[in-house]
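Next come two complexes, and both contain chain A; in the first it sits with chain B, in the second with chain C.
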Partner chain A sequence: MTKAELTAHITAGFTGRVQVLENNQPEPYFIVNPDDLVAFARYLHDDPALQMTFLMNLAGVDTGERFEVVYSVCSYQLKHRLLFKIQMPRDNAEFDTVMQVWPAANWYEREVWELFGMTVRNHPNLTRFLLADDWNEGFPMRKGWTGTDFIPLPDRG
Partner chain B sequence: MGVIKKLPVYTEHIPGGALVTTSVNSVLTLAQAKSLWYLLFGTACCAIELMATGASRYDFDRLGMIFRASPRQADIMLVAGTITHKMAPRVKRIYDQMAQPRYVLAMGGCAIGGGPFYYDSYSVLKGVDKIIPVDVFVPGCPPRPEALLQGCLEVGKKIRTLKIDEWS
Partner chain C sequence: MAEELRTEDMTVNMGPQHPSTHGVCRLVLTVDGEIIRDCVPVIGFLHRAIEKMCENRTYAQCIPLMDRFEYCTSMSCNWAFCLAAEKLGDIKVPERGEYLRVIMGELNRIASHLIFVGVTPMDCGALTPFLYTFRERERIMDLFEMTCGQRLTYNYIRVGGVAKDIPPEFIPKCREFLGIFEEKIRDYEKLLVDNPIWIARNKGIGIITPQLVYDYAISGPSARASGVNFDIRKNDPYSIYDLFDFDIPLGTNGDSYDRFNVRVNEMRQSARIVAQALDQLPDGEIRAKVPLKFKPNPGEVYSRIENSRGEMGVYLVSDGGPKPFRMRARGGSYNHLQAVPHIVKGLKIADLVAIFASMDIIMPEIDR
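After this line comes the complex of A and B, so read on.
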């Protein structure tokens, strides 16, 4: 499906609970409520006109005001793809795992948990993943983070 | 007889052959410098240049350098690539497993001082000399095979200046 067809199909199929984010990219971009995340993922995966069976990427974002998690999914069968994201307050960021829909989310969610400190509900294995074994300096991908060995880029303006 | 010419020698020709006098130190350091077996240890793109240097075009083998997959058999560790904080204890452990005398060559910007990951990085160790002693630094990002070859020759020169009772 094209970008316009995908947008129309999803806004009709997931009525009222999905917000379209206008962009100039070739893929449509949606915002969903964190409470609807698993239902939306299941809808994208199971809908015969969508068949989003492949989670291409899952990335955490710290905008400075809130946390976001961006999901990139595509369908090998129907050759289309889209992006969607959830937004959470910075002080209480929690979202559900989508592993029951896309098992590939396992390591992505573990990475987001470790580097941003967002809590992933129902994840089976939230343990030390990418950082050093004796790491105790918090969440390095957060805005404003600093550590003992950290040298920020000087302003050469 | 190329090797003998380089020794500080007194050569006396006697019937049936030649007699060479030299010091034990000179022979042992020469042997060591001419057969530096290196540890296969690449953590980033410098390892590609290391492989190119070991392959037929540049040919480490003509310096007597053969790669070893085990630190127990290696004389020199070529730190080829970025060392992260997570990797640092492993590097230290591999270095400790090497038999003495042992040498370290830090190859490329990352191993020397963090390289492109010096600023704004939470994960990269800023110089492998913070965890193990380094004999020769080879700058570059990554260094060309010629530079790496020269670095290895510099290690050989350094070995030739050592005294065997200082080997450690």
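After this line comes the complex of A and C, so read on.
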């Protein structure tokens, strides 16, 4: 499906609970409420016209004002793709795991938990992942994080 | 009364630093004798915080970091990052620049698959193919060296095009390599594909079903060996791949044997693409006019290319400044290693080494 067809299909199929983010990229971009995350993921995966079986990427983002989690999904069968994201307040960032829809989300969510300090509800294995086992310097991917040997480069003009 | 005999499962640490783990990885195995009951990958030994470092550097300074993201196919990593930045900055790459990118990208894919074709038999105990494949890889390294001065981390593909034009002796040398390459591929096949020991070690071992491909987001040759016809160069063409005539090799069984054959055949197709690109190579600019302090438009983009290990995707957020606001790169191995425990349960330890190799997992791409 093209970008316009995908946007029309999803706004009609997931009525009222999805917001379209306009951009000039070739794939559509949606914002969903964190409470609707699992339902939306299930809908994308199971709808016969969408069949979003391929979780390509899952990235946490700290915008400075809030936390976002961005999902990039694609269909192995139908080859189309889209992005969607959830937004959460910085002081209370909690979202549900989508592992029951895309098992590949397991490690991505562990990474978001470890590097950003967002809580992933119902995740079976939130344990130290990329960082050292005795790491106690906070959440390094947050904006404004400072570590003992982390020196921001000067901005030259 | 005779003491009752019993057995119990044993926990064995495989690595860190097992020679066949393609980087520093640790696998915690629960074994019943030789049979694997459980396998837990422990990663992070090569974590260099590339994503955090990118937030602290300009776009041009990020490209050498992407070389280190996955050093067997540095060209593709440069390319994926530049493609994302170009999408945000709305930059059109000149035609000659696109052709040079395709030539380098496909030569790099051949070089990476040559490492695979050499190293995978080594993990099964056959040392000879390694010496043969590295002889041919050396020719590609020479081509890269004469183009950009580097043999492993190239920093060649830049935002808007490529860093340098190819020297005049590149094209004859490259044609010479392509001329002998088909014969060399047949040599590898003679050594391995029809070899009964190789077949016994790999056929029917480590089967990845299409369902496992979908569940664990397996991509690239490892997915195509399971019959999942998905290649970004065909399905979501980037650059100028729609101008070339090439096939997508597919497997049927999804076992280690098919994964090997798919990659061997992919080298043939890559050689075909390089030959076509050399024939059609136009004259002109190699790089669009991009200011040194490149500032893309604010926005978000996920762009992806077909790397030799699977989908290489870059999610890039720009706030309009000279540095990326957020960069998340995704390599195929991340998902492949995640799927390994589901493939190896019930198999023997020696099979795990062969399966690990047959999926072409490389650790820097996972730890970043």
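We adopt the following convention: the second predicted complex is superposed on the first by the 157 of 157 C-alpha atoms of A that agree within 3 Å, B and C clash if a C-alpha of one lies under 4 Å from a C-alpha of the other, contacts with A are read in each partner's own complex, and residues count from 1 in each chain.
Keep in mind that, in the parts below, a contact is a pair of C-beta atoms (placed from the backbone, for glycine too) under 8 Å apart; a residue touches a chain by one contact, two chains touch by 3 or more.
Computed from a prediction, not measured in an experiment: that's the story for all the values here.
Asker: In the superposition on chain A, see if there is space for chain B and chain C together, and answer fit or clash.
Answerer: fit
Asker: Would you check which partner chain A:Asp149 touches, where first means chain B only, second means chain C only, and both and neither mean what they say?
Answerer: After superposition on chain A, A:Asp149 lies in contact with chain B alone.
Asker: Is A:Phe14 touching anything from chain B or chain C once the two structures are fitted on A? First, second, both or neither.
Answerer: A:Phe14 sits against neither chain B nor chain C.
Asker: How wide is the angle at chain A between chain B and chain C, using CA centres, rounded to the nearest 10°?
Answerer: In the superposed arrangement it comes to 40 degrees.
Asker: Quick one: is A:Gln25 in contact with chain B, with chain C, with both, or with neither? Answer first, second, both or neither.
Answerer: second
Asker: Taking the superposition as given, does A:Ala59 touch the first partner, chain B, the second, chain C, both, or neither?
Answerer: After superposing on A, A:Ala59 lies in contact with chain C but is clear of chain B.
Asker: Going by the contact rule stated at the top, is it chain B or chain C that touches a larger number of residues on chain A?
Answerer: The partner with more contacted residues on chain A is C.
Asker: Between chain B (first) and chain C (second), which does A:Leu83 come into contact with in this model arrangement: first, second, both, or neither?
Answerer: Touch partner of A:Leu83: chain C, not chain B.
Asker: Per the contact definition in the header, classify A:Leu131: touching chain B only (first), chain C only (second), both, or neither.
Answerer: In the superposition, A:Leu131 touches chain B and chain C alike.
Asker: With the two complexes overlaid on chain A, what is the closest approach of chain B to chain C, counting only CA atoms, in Å?
Answerer: Nearest C-alpha atoms of the two chains are 5 Å apart.
Asker: Jot down the residues of chain A that show up as touching in both complexes, chain B in one and chain C in the other.
Answerer: Touching chain B in the first complex and chain C in the second, residues 130-132, 140, 150, 152-153 of chain A appear in both lists.
Asker: Quick one: in the complex, what on chain B touches chain A?
Answerer: Touch list, chain B to chain A: 84-86, 88-89, 118-123, 126.
Asker: Which part of chain C faces chain A closely enough to touch in the complex?
Answerer: 43-44, 47, 49, 51-52, 56-57, 87, 90, 213-217, 219, 223, 228, 230, 235-236, 293, 299-302, 304, 311, 313, 315, 317, 322, 326, 328, 330, 334-335, 338, 367-368
Asker: Using the touch definition up top, name the residues of chain A that touch chain C in the complex.
Answerer: The contact residues of chain A facing chain C are 23-25, 27, 29, 53-57, 59, 61-62, 70, 72, 76, 79, 81, 83, 102-104, 106-107, 128-132, 140-141, 150, 152-153, 155, 157.
Asker: How about chain A: which of its residues touch chain B in the complex?
Answerer: 130-133, 135, 137, 140, 145, 147, 149-154
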